[in-house]
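As written, the chains take the letters A, B, C and D, and residue 1 is the first residue of each chain.
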Amino acid sequence: MPGSSLGKLFTVTNFGESHGPAIGCVIDGCPPGMALSEVDIQPDLDRRKPGTSRHVTQRREEDRVEILSGVFEGKTTGTPIALLIRNEDQRSKDYGTIAEAFRPGHADYTYWQKFGVRDYRGGGRSSARLTAPTVAAGAVAKKWLQARFGVAVRGYLAQLGPNRIAFESWDAVPANPFFAPNASVVAALEAYMDQLRKSGESCGARINVVASGVPVGWGEPIYDRLDAAIAHAMMGLNAVKGVEIGAGFASVEQLGTQHSDEITPQGFLSNNAGGILGGISTGQDITVSIAIKPTSSIRLDRRTIDQAGEPVVINTHGRHDPCVGIRATPIAEALLALVLIDHALLHRAQCGDVALPTRAVPARATGVPLTPAPQADDPEPLEA
Amino acid sequence: MPGSSLGKLFTVTNFGESHGPAIGCVIDGCPPGMALSEVDIQPDLDRRKPGTSRHVTQRREEDRVEILSGVFEGKTTGTPIALLIRNEDQRSKDYGTIAEAFRPGHADYTYWQKFGVRDYRGGGRSSARLTAPTVAAGAVAKKWLQARFGVAVRGYLAQLGPNRIAFESWDAVPANPFFAPNASVVAALEAYMDQLRKSGESCGARINVVASGVPVGWGEPIYDRLDAAIAHAMMGLNAVKGVEIGAGFASVEQLGTQHSDEITPQGFLSNNAGGILGGISTGQDITVSIAIKPTSSIRLDRRTIDQAGEPVVINTHGRHDPCVGIRATPIAEALLALVLIDHALLHRAQCGDVALPTRAVPARATGVPLTPAPQADDPEPLEA
Amino acid sequence: MPGSSLGKLFTVTNFGESHGPAIGCVIDGCPPGMALSEVDIQPDLDRRKPGTSRHVTQRREEDRVEILSGVFEGKTTGTPIALLIRNEDQRSKDYGTIAEAFRPGHADYTYWQKFGVRDYRGGGRSSARLTAPTVAAGAVAKKWLQARFGVAVRGYLAQLGPNRIAFESWDAVPANPFFAPNASVVAALEAYMDQLRKSGESCGARINVVASGVPVGWGEPIYDRLDAAIAHAMMGLNAVKGVEIGAGFASVEQLGTQHSDEITPQGFLSNNAGGILGGISTGQDITVSIAIKPTSSIRLDRRTIDQAGEPVVINTHGRHDPCVGIRATPIAEALLALVLIDHALLHRAQCGDVALPTRAVPARATGVPLTPAPQADDPEPLEA
Amino acid sequence: MPGSSLGKLFTVTNFGESHGPAIGCVIDGCPPGMALSEVDIQPDLDRRKPGTSRHVTQRREEDRVEILSGVFEGKTTGTPIALLIRNEDQRSKDYGTIAEAFRPGHADYTYWQKFGVRDYRGGGRSSARLTAPTVAAGAVAKKWLQARFGVAVRGYLAQLGPNRIAFESWDAVPANPFFAPNASVVAALEAYMDQLRKSGESCGARINVVASGVPVGWGEPIYDRLDAAIAHAMMGLNAVKGVEIGAGFASVEQLGTQHSDEITPQGFLSNNAGGILGGISTGQDITVSIAIKPTSSIRLDRRTIDQAGEPVVINTHGRHDPCVGIRATPIAEALLALVLIDHALLHRAQCGDVALPTRAVPARATGVPLTPAPQADDPEPLEA
């Protein structure tokens, strides 16, 4: 398969460009008989869509999704679900320099050299706009995971530039435009973003995602492990430069007794594994953390070259997110959900006749604190 | 495809268990006409094999590879290359507790619950021994990448537990048992490992891998990006908990002007991208960094449960690596090489008729320092 | 991958139902830089579309295709090409019996039992209408094959019910509503069809497809052979019950000296192989023949059961093709083209560095007659 | 994936050459917990192996299979099952002409031109010997299908050259060296073969394969239909030139009322569909028929060219099957079993929660005769 499909059995094929007529995806392999309509999908699209606060791009896109197939009388039929989102705000403009020169940090240079042709309008295929179909497909996956297994997939902003955000509660997340799990930091984040926009700069972010309720047994031993599939999906997202599972990079400095999670009949005593051992889910929370680089589209001058190979100076005006990480939380959730549904199906394909031979260990023993995904450079070992 | 295959067009299918009759792999899709014999493969296997120093497991395995197919009169034929390694040192022993109880941090519990059956001898399928076929296949990939494109894939140990190792030179790497790129740290590493073994503990590690000479244009825009494929391969390796490309997690705290790599006709001015933009190679060094957790097999007591779900205390004696990261360098190199050859083939499949429309930018401008893969918690932005 | 995608590197993912809002497909992996617009695709859709003569269904569908992505300034960009066809004539009606009972020969029973839900409107997903996206994708493949390699893919009706049609010339094919390669039989075919419609019956057909100009070397040795891929694609088409390559079933009664095609420097002396040996193209015409069963939708009474498992009598009124084979020629061409482009890309991925070691043998030696795909029960060995 | 793997979820990767050190395969995705040892596999290998009668090649190969992995304490573990067969009878000889010239009807020319290198020893990779690993894998599939679903996969020789063999009973099949389902024809077949060998000629054959007990619901609507997967597998077998499902090519001349199988609560009234409607199994017998071309290795003179492109005359002495179809029955069974297990797993992946909404219709109503796979040129419609 070429690269625009994600998943082996619940497969999402993504299409579209930022300023073409439409974007969308085809989901193939969805289990039949699940109630589904646009109403199930739109909320996650709305969480991701531009223009929801002054801290994100002001492009106006309603991101209205239309289900073109695969649903009959309100239920999935098991045949491909095509989802269509028309592009609306393709503000006519002169692309001048951008069409001719390669913006540093962008895919301009690599697309051009790979394909010999490049849709430069709004970044074309490399635009973060193309994450909308992923989010739409993820909403379908989330619904099934919740209905069939009680799995919940939730994410939050863990760091915005230099601002680390302590996890306080899931309830805080939808109550601010940053998906921050802590109401007390919101004012500081707003101030930081206002100053950043004023300076013409951009910043990076860290997003944590957690899947709760995943049964033990999803995943595979070698190569296509569950963690490998998660890493693939996350690193396949624009601007992501790092992925961690569980203790992540902090595990480099842990000792064996600190890292490995002890087990009791009452539950695991820690979760450095991030819910995955040997590529297979343990039944604990699956915890993932990703690093998102600062937006490359900034209005400050940068050195680059043009198509002729000549040096030029470029800066990028227009409507851009000063931190693409702000809108990344629903996308990361969608990606994790897509990986999980795929592995749920893979697991029952091969092991559908296996009855759990030992009673499942609870996700955590009483008294063990909630452990959202850690931060790599946390000075303390996670559970110490 | 089930999970035991890696790559779409240069596909490695891995088989075997630690204490079964043999391990090995089948490579399908290798380009024909390349000179190949066991002599090309054995050196990388020897770099990975156990027993090479007192700091790694003392299991005695020669890891002799036999080419069973796909080579005729010393050349690859384009048909599957089967590689076989017989297991030799399957020391007969009483697996007692290990057969009945689940070692914390190991795949024992997840395999058992997934499959309802588990080869507990030496970890069975979850043993790090199963990386040998990956290394063997990687040697084939490396040879082709070097011969066809001049690509070199090299790795080194960047951190051993708390000991960070400054990159000094590639020449140092083969000269010590740690793959450390710096001769001056070796004595300290040896002392650290000796103390660790004495204490019964284990430690984590960080490995950096760099591919030089990769042409611009390998990779894809969405989902199966080159960085996504790398993350998948690396996170699919036993004990890996984190993957970074380029600046990795350090990019969270970078500003836009710090992160995005400016371009001049003389070369890129930095490499925070780690050689990949928009999922496609830029022509710069591809830099990858991975976190390896501490070995879970330690001889100190750990709480766990047995197959009946009852609490037990377990400790693991026998021949184990106190830091699996020490032998991980050749494996990480192999994985990167396998991803690269796959994308080299994918690229020429689709874009074989594209002539580079703009002269390729050199990997780095004169005076820009060599940039091996960074460390996430580097206090300074990478190129500042 | 679930089943709705065709091809490994030039991958077509099909979606839609007969009476849903739209049908279409996404092509992933198309080589970049090829001029493409709706004008290239519409003609083949028009050849397939309903209502073009009194011998096919009278449903009115313009089958207007819209390119939603993957084309920029008139050229393919190498990113997914989404093709959309809105359904227009979804005549509101009472589906009564059809919604409740399973039409013999149709997919009603199997869809219902597999998925537990079934879009019964016009056959839903099992409608021949879903071949339109295949034809659209095939037009893209055909254009590239012609432009890049000079490959021509052409088909014709070889038999209509009991009426065998001798191949006369390609020029005749577009000049009649049957795709018959012989003008002299058209009147008889029309009379046959008129009588068939009057009787309420339906009939089967045989379609032959030929690809000329395919270079030697496309295909693979084992399992995914070129002929296997063709058989897969053809048997994946609604109503197809048999597939032959070259001499097909006639080869059962051939002797070794009759079947195997001798080679001379001036060309092959026959083409019983149908252009494929050992799963790889020879450079001769690739000749394929398929059997299409009679339409199952007939207005004569048939015994069946309903959803409750009770016996009922059913007959199917409405707008149906009395012979689906009549419109199958452009579809079979599209399928062959899709297989060929896929193997063209696969071949250059693996063997892009192989220079033809021996001068290619011409497709046929002078004086050897043109050999369109044979008929299985031809009493004479093909080239005798 | 390159071409040497068959199946999506139960995936067989084949390796080896006729005269290399070994042949074999890796099965990935086998359900865990099934009792398995070499004893389950060897009988089918023995049915296929050379030298069992004077009518097949006299090469001496015991075809002893060794299980290298994936089985622990007599049960499948769910991890890859590697099967190894050492080549024993690689009679040292001078390949002279064969090494330099291309045998008509063989893959010599196409392999050479595709890969630029060719293992000419015994046909190398294109040898029918490479069907042994397929048979071995098929035995595993058969065992699971039988144990889990009561599915039986059986085949027989339906035609040998001009000799059509009426189906008499399954019991006759193992009682003669031809797999003929009719004891009364055996003497005639032996006489025919003796005369054929004497003349230096070879002949074709037709094999029918039937799977009984397949539940309703396996397969998919578009492209990767169950019949498409069967056609792919069968046409991927050496020497196969045609594939039919159910009525096959006979359906071309059937009328709608003759072809479509009526349904009653007591069972289907005929089986022209061959057990598949809309790409999905109906619960009836799945009936498949394949055409096998005459062996190309004959000792009579044939015109061809050599590697320099010069005309030469070639003839093939040595140990060859005068009719490869004779040993093809167990191979065709294996291929059908491999397709079925794959679709069994695919089905429960997606539709594992669907409870059969309507009671399954019996395979056939009382009084409806047994219908093994038909012959294309049967003058009478199948059930008339």
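Note that in this section contacts are C-beta pairs under 8 Å (C-beta built on N, C-alpha and C of every residue); 3 or more make two chains touch, one makes a residue touch a chain.
Everything quoted here is computed from the prediction, not taken from an experiment.
J.: Could you work out how many touching-chain steps separate chain B from chain D at minimum?
T.: 1
J.: Sort the other chains by how far their Cα centres are from that of chain A and give me the top one.
T.: D
J.: Just give me the whole-number Å value for how far the CA centre of chain A lies from that of chain D.
T.: The mean C-alpha positions of chain A and chain D differ by 45 Å.
J.: Hey, how far is the Cα centre of chain A from the one of chain C, in Å?
T.: That gives a centre separation of 40 Å.
J.: Need the CA-centroid distance for the pair chain C / chain D, whole Å please.
T.: 25
J.: Which residues of chain A are in contact with two or more other chains?
T.: 1-5, 8-9, 14, 29, 32-33, 78-79, 114-116, 125, 221-222, 346, 350-351, 354
J.: Contact residues on chain C for chain A in the complex?
T.: These residues of chain C touch chain A: 1-5, 8-11, 13-17, 20-24, 26, 28-29, 32-33, 66, 68-70, 72-73, 75-82, 84, 114-119, 124-125.
J.: Within their complex, state which residues of chain C touch chain B.
T.: Residue list for chain C touching chain B: 8-9, 29-33, 78-79, 148, 221-222, 345-346, 348-354.
J.: Which residues of chain D touch chain C once you look at their complex with the stated criterion?
T.: Checking each residue of chain D against chain C gives 1-6, 8, 14, 102-107, 109-116, 125-126, 130, 159, 161-162, 201-206, 216-225, 227-236, 238, 240-265, 269, 272-274, 276-282, 291-296, 298, 300, 302-305, 307-311, 346-347, 350-351, 354-361, 376-377.
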